[in-house]
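Structures are listed in the sections that come next.
Shared chain: subunit A. Partners: subunit B in the first complex, subunit C in the second.
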Partner chain A sequence: MDALILQVLNGLDKGSAYALIALGLTLIFGTLGVVNFAHGALFMIGAFCAVTVQRLLSLSFVTVDETQKDFLGKPLKVETPYVEAWFGPEVGAAIIDWSVPLAIIFAIPIMLAVGFIMERGLIKHFYKREHADQILVTFGLAIVLQELVKHYYGANPIPTPAPDAFKGSFDFGALIGFDPNTIIYPYWRLVYFAFSAVIIAGVFSFLRFTTFGMVVRAGMADRETVGLLGINIDRRFTIMFGIAAAVAGLAGVMYTPINSPNYHMGMDFLVLSFVVVVVGGMGSLPGAVLAGFLLGILESFASFSPIKNFFENWLFLPSIDQIIIYLVAIVILLTRPRGLMGRKGVMEE
Partner chain B sequence: MSKLDVTRRSVLKTGSVAGAGLALPTIFTASSAAAYTNEPTGGTVTLGFNVPQTGPYADEGNDELLAQQLAVDHLNGVGDGGCLNTFTSKALKGNGILGKQVEFVTGDTQTKSDAARASAKSMIEKDGAIMINGGSSSGVAIAVQGLCQDAGVIFMAGLTHSNDTTGKDKKANGFRHFFNGYMSGAALAPVLEKEYGSDRRAYHLTADYTWGWTQQESIAAATEAIGWETVNNVLTPLASTDFSSYITPVLNSGADVLVLNHYGGNMVNSLTNAIQFGLLDKLVNGKDFKIVVPLYSELMAAGAGENIKGVFGSMNWNWQLQNAGTAAFVKSFGEKYGKPPSNSAQTCYAQTLLYADACERAGTFNPCGVGEALEDFEFDGLGNGPTWYRGADHQCFKDVLVVKGAENPTNAYDTLEIVEITPRAQVEYDPEHPMFAGGNLGKCNPGA
Partner chain C sequence: MLGLDRKDTRLLIFVVLLALCAPFLLNPFPTESAMAQFNAGYPDLMQRFAIYGIFAIGFNILFGLTGYLSFGHAAFLGVGSYSTVWMFKLLSYNIVPGIILSVIVAGLFALLIGFISLRRSGIYFSILTLAFAQMSFALAYSVLTPITNGETGLQVYTDDPQYLQSVGSPNVPNLFGIVMRDTYTLDVGAWSFDFNNGYYFCAILMLIAFYLSIRIYRSPFGLMLRAVKSNQQRMNYTGLSTRPYTLAAFVISGMYAGLAGGLLASMDPLAGAERMQWTASGEVVLMTILGGVGTLIGPILGAGFIKYFENIFSKINDATLHSWFGFLPEGLENAVVWILEHFVGAGWHLTLGLLFMLVVIFLPGGLVEGGQKLAAFVTRRGSDKKDKTSGSTEPAE
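Entry: the complex of A and B
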């Protein structure tokens, strides 16, 4: 039982990431009708915003310590971060320690700007083109972006730890009557889940309870009529692209303490996020969120060794953890061709 | 008067034979004028450095490339000579190889077997490379080694740790300086017994490809020999980035040691996940929970950050070793590039010098002559202490390092500390050992 609860918890944080990326993908598809294969790259750029903030806060000046030697036997060059010199060692170290949460402030304008530039500079030229053209150009853009990041940050994962206050794990087992240390879950993953829930709720509230959101929803349902009413729907959709980019970017920022970011992380999430969107139903925001969590939990269960062994030994399906999402997608699309919560008329002739 | 009888059938027959002949890769149909593939005829000789310049191991590959370029400098008499000054063989004089200036071309393996074979093939066919060196993955090394065997050039493997490279997939034209999974197990087990005792239960997470399988087999055998029990072994996809769902079952498995048979980004992520789930804070079976990473690299250690503190593993070489070869190499590399070299850089540097030295001693670039000169060659002065290139399987035997993550690092490069230098005799094995059985070196192939 304890193992099953752990796998559900595991699925929640993985599902959070899928849901946030899929939410942004669906927003862009629902508003602009663009299949954005560069969305994973936006997640990655968000993560590298956190890396950049960490590096900026760790900028140091060098002093030579004659008493210590470097690897060549020369006097050691000691680096002291400017923030520690300016605010004192303790406050300076605390600022660096909180670089990931601080990166959120940095990432929001950056991601909005990246989204705006991407939409105005490239994607708007492909609104009336085939989906295949959109996929090709956005996929190409994703490769360019990841190669740029690799050039400047290297190919290796870069450690970006959570603040010390969030290190360690929460003992769920002790809370619900199990033995201590049987169901533990890292604090930062709980933070990530809560953060995702807030962002998702924020996006839904924005679309549901604001005039801007109402217009966007109307535009998603009938773009032409909204335009005929004298509303500049294109401008609102561009802003939605920026918001979708910011959602992906923030998901990336907060993900960095879970797995050290590398230039390829966007691609790792991209394909699965598209499956999430298709399973949830093209254009359906609640569908994207539901499918994100559902597939995250399923993937987590499929990695659980007793289940993995059962599939391998009894159903002759090795590596079920790698294919479960696709199997479920096939089953759902066969039984519900529009996905779990898909709308009629989306991606249909 | 003769009659020319042209039928549809005869045209097809002739055409298919001619087509098949033309389709044969040129590397397998070398000119009969040459004694061997890519025999150098001018004043230069070309080496091919095939390393991952893009993809997940690109940093590792770039470090290898820096070392290979340094080796070429030293062979051509540029710079301070590095290990040419400490190498026990004195055949190399800093005037190229056999009097020919050394040039090089590079290929990008992308850490993909097909891309690595394509780049190696291109360097051999188009650039005339006479030797291929490099690689940061056993899958790639085994694939390229097979290609070099067929093409008739020498393959001096870079970082490849699978037992299979010099086991079931060994080839007469392939040579490995790097250590392997068996040696990691043989070196690590006694240290683990001393540190953690003989009553332990180990849970393995293993990368699902040749290197992961053979390392897991080796480490499990070595730790079971000291009394440990292997509780479970779970294969994880190479493309995994989040290992949390593989880590959580460890919590309640009854295991008190987690062995991560992962490398590169996989290892960085799985170790980070394990630390996040508080494994190192757990008390199981009355003992502190421990994590072991059998194969370490400096670049991985930097990626894992403070998570590696106190975690044991093994290495082929480390820049902190105290011997003349290491000092010479670290000085050359450090002064040129401003950082200490990684162990993958060292193995590529050593392999390039060993190849050049073998050519000099053999007096030829012919792969069969070079291979003969390398077989059962004993040397010192390249950083690993006394080393033997065993003829039976083309595997180097030398001391192995047991290391652990530095508890109190003083600078960015001080990530690992050497715990023990395991003597060569302790990691040696019979060429017919079951973990290496099933292969056959075959005959040296000169190509032409």
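Entry: the complex of A and C
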């Protein structure tokens, strides 16, 4: 039992990332009718916002300390980050320590801006083109963004640690009445899950309870009629694109302590997020979230050693966890072609 | 000739001449000159022109005719490579069994994937094929390590059985004794031209593949595929099931990809999982789009263009750029070099991505359309007929 709970917990953080990216993809698809292959790149840009903030905060100046000697006997050079000089050593160190959460503040305007520029500058011109063209142009954009990041940040993963307060793990099992040390779970993953739950709830309530969200939902159902009522639906959809970009970016920012960001992380997540969207049902927001968590947990169960060994010994499929999502997606698409929660009439030719 | 009308025959002859004279055409600069780095007439690159030409021709049969955008064609390329290397390991270094097997295996694999993916159309189809390709990549990279040798890649070892390998036959890929990597170098004055067995083998197969694709384009079957592209719903209303046709197109293009993969392994007996990665699938899409979707010669041009510039751009480095722009004033030189160095060397992929976007945005018909527009612009006074020697078909809208 405790092992099962552990697998569910392990699936939650990946599932959260899938759910957030898939949510953005579905939002864009549902509002603008565009398939955004560059969405993974937005996730990656978010992650590199965190890297940039961390680097900016730890910019330092060098002073020569005559009182101390280094091992060669020369005066010691001391690097002091500017923030420590400005805010005092303790506050400064705390700011650097909390760079990842601070990056959220920095990432929101940047991701919104990136989203607006992308939509107004490029994707706007592709509403009337075929889906194939939309796929291709966003695919090209994804390559460009990825290569630019690679050019400036290098090809290696950049470690971006979580704040000290969230380092380490805690004994989740002891908390809910199991033996100690059976269910150990890193703090940051719990933070990530809570964060994504808040974001998802935020997006849903924004669409549900605000007038703006109501108009957007009406536009998703019937764009033309909403336009005829004298509402500038295009502008609202652009804003939704920005929000979708911000959601992907924030998912990236918070993911950095779990996996050190590298330039191709976006592509790695994108393919799986597409699978998530298709499994959840194209154009269905709850479907995307549900499928994201389901597939994340499924992946974690497939890497659970008894199950993995079963597949390896009886079906001759070692490391089933690498392909389980695709297998399940294929089965679901063959049995429920619209996905888990897809609606009739969305993307059907 | 050969069941083609005059225009197609002209096109075929044009391509035959292009392929046979490639060693001359691609080496226009003397070996010792500064321009020699723009020569593309060395065996390795010429082989890749022909092989990726086959790949793109096959992809175009699916995408150009039916409009189904597959994002997973690299999987078939990889499968073809693996089957050929396995034939090397089990039988002998003769490439014929390997290539035949690669086409068959890729065809079967395409049948399986196509049967499932073609249940949906539009973006669902693209995403499904993408998912399949990523799954194949994961299978090749880790899951099926006993068959694919995982990360290391599959290669031939000395203790492999090679049951049919006779004592006298060469220990490298060969065609009944003709060694693929053998090259005859012809020196004419300052120029030198390489005639490589492997290249000519690939080129002949590419010409056959090209001829077959012309026949497919002109056949009732090809017409049916175009009808699927223009209005599938109407086809269904007339009581016709389009799926067998699209599936056939998918399998044919999968077999082309398998052949290309088999040839890649025949020229260099290695097969690795990275050949199946989805960036490789994206590359073939780009080749086809760049050349001209739905045109006959487009994919070949696109494949040649991409492979040539990939090769040239990757070779250029900072020092080369500085030597080129040395005539500019210092500051300006540095600025120009700073901008350009993003796009060359390791930055080739950035150029590729930009090219991808620019072509899709401004030139959806690719190089062929560009050529036609140019030709029409030049001969606007002369006649209204937009007829270029490329003899492209009308892109089916």
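The rule is simple: the second predicted complex is superposed on the first by the 334 of 349 C-alpha atoms of A that agree within 3 Å, B and C clash if a C-alpha of one lies under 4 Å from a C-alpha of the other, contacts with A are read in each partner's own complex, and residues count from 1 in each chain.
Just so it is clear, contacts are C-beta pairs under 8 Å (C-beta built on N, C-alpha and C of every residue); 3 or more make two chains touch, one makes a residue touch a chain.
What you see is a predicted model, and the numbers here were worked out from it, not measured in a lab.
*Asks:* Which of the two partners, first being subunit B and second being subunit C, lies in contact with A:93: first, second, both, or neither?
*Replies:* neither
*Asks:* After superposition on the shared chain, which partner residues are touched by A:104: those of subunit B (first), subunit C (second), both, or neither?
*Replies:* neither
*Asks:* Look at A:181 in the shared chain and tell me whether it touches subunit B only, subunit C only, both, or neither; answer first, second, both or neither.
*Replies:* The first partner, subunit B, only.
*Asks:* Contact-wise, after the overlay, does A:215 reach subunit B, subunit C, both or neither (first, second, both, neither)?
*Replies:* neither
*Asks:* Figure out whether A:322 sits in contact with subunit B (first) or subunit C (second), or with both, or with neither.
*Replies:* both
*Asks:* Considering only touches as defined above, state whether A:337 meets subunit B (first), subunit C (second), both or neither.
*Replies:* second
*Asks:* Quick one: classify A:132 as touching subunit B (first), subunit C (second), both or neither.
*Replies:* A:132: touches subunit C, not subunit B.
*Asks:* Which parts of subunit A are touched by subunit B and by subunit C alike?
*Replies:* Correct list for subunit A: 147, 319, 322.
*Asks:* Can you tell me which positions in subunit B touch subunit A when the two form their complex?
*Replies:* That would be residues 54-59, 208, 232, 234-235, 237, 239, 241-242, 244-246, 248-249, 251-252, 265, 268-269, 272-273, 276-278, 281-283, 299, 302-307, 319-320, 330-331, 334-335, 340, 410-411, 413 of subunit B.
*Asks:* Inside the complex, what are the residues of subunit C that reach subunit A?
*Replies:* It comes out as residues 63, 67, 69, 71, 116, 119-124, 126-128, 130-132, 134-135, 138-139, 141-143, 145, 232-233, 278-279, 282, 285, 289, 342, 346-347, 349-350, 352-357, 360-361, 364.
*Asks:* Touching subunit B in the complex: which residues of subunit A?
*Replies:* 2-3, 6-7, 9-11, 13-14, 68, 70-72, 76, 147, 150, 154-159, 161, 168-169, 181-182, 184-186, 188-189, 258-260, 262, 264-265, 268, 299-301, 303-306, 308, 319, 321-322
*Asks:* Going by the contact rule at the top, pick out the subunit A residues touching subunit C in the complex.
*Replies:* So the residues of subunit A touching subunit C come out as 35, 122, 125, 130-133, 135-137, 139-144, 146-148, 151, 267, 271, 274-275, 277-278, 282, 317-320, 322-323, 326-327, 329-330, 333-334, 337, 347, 349.
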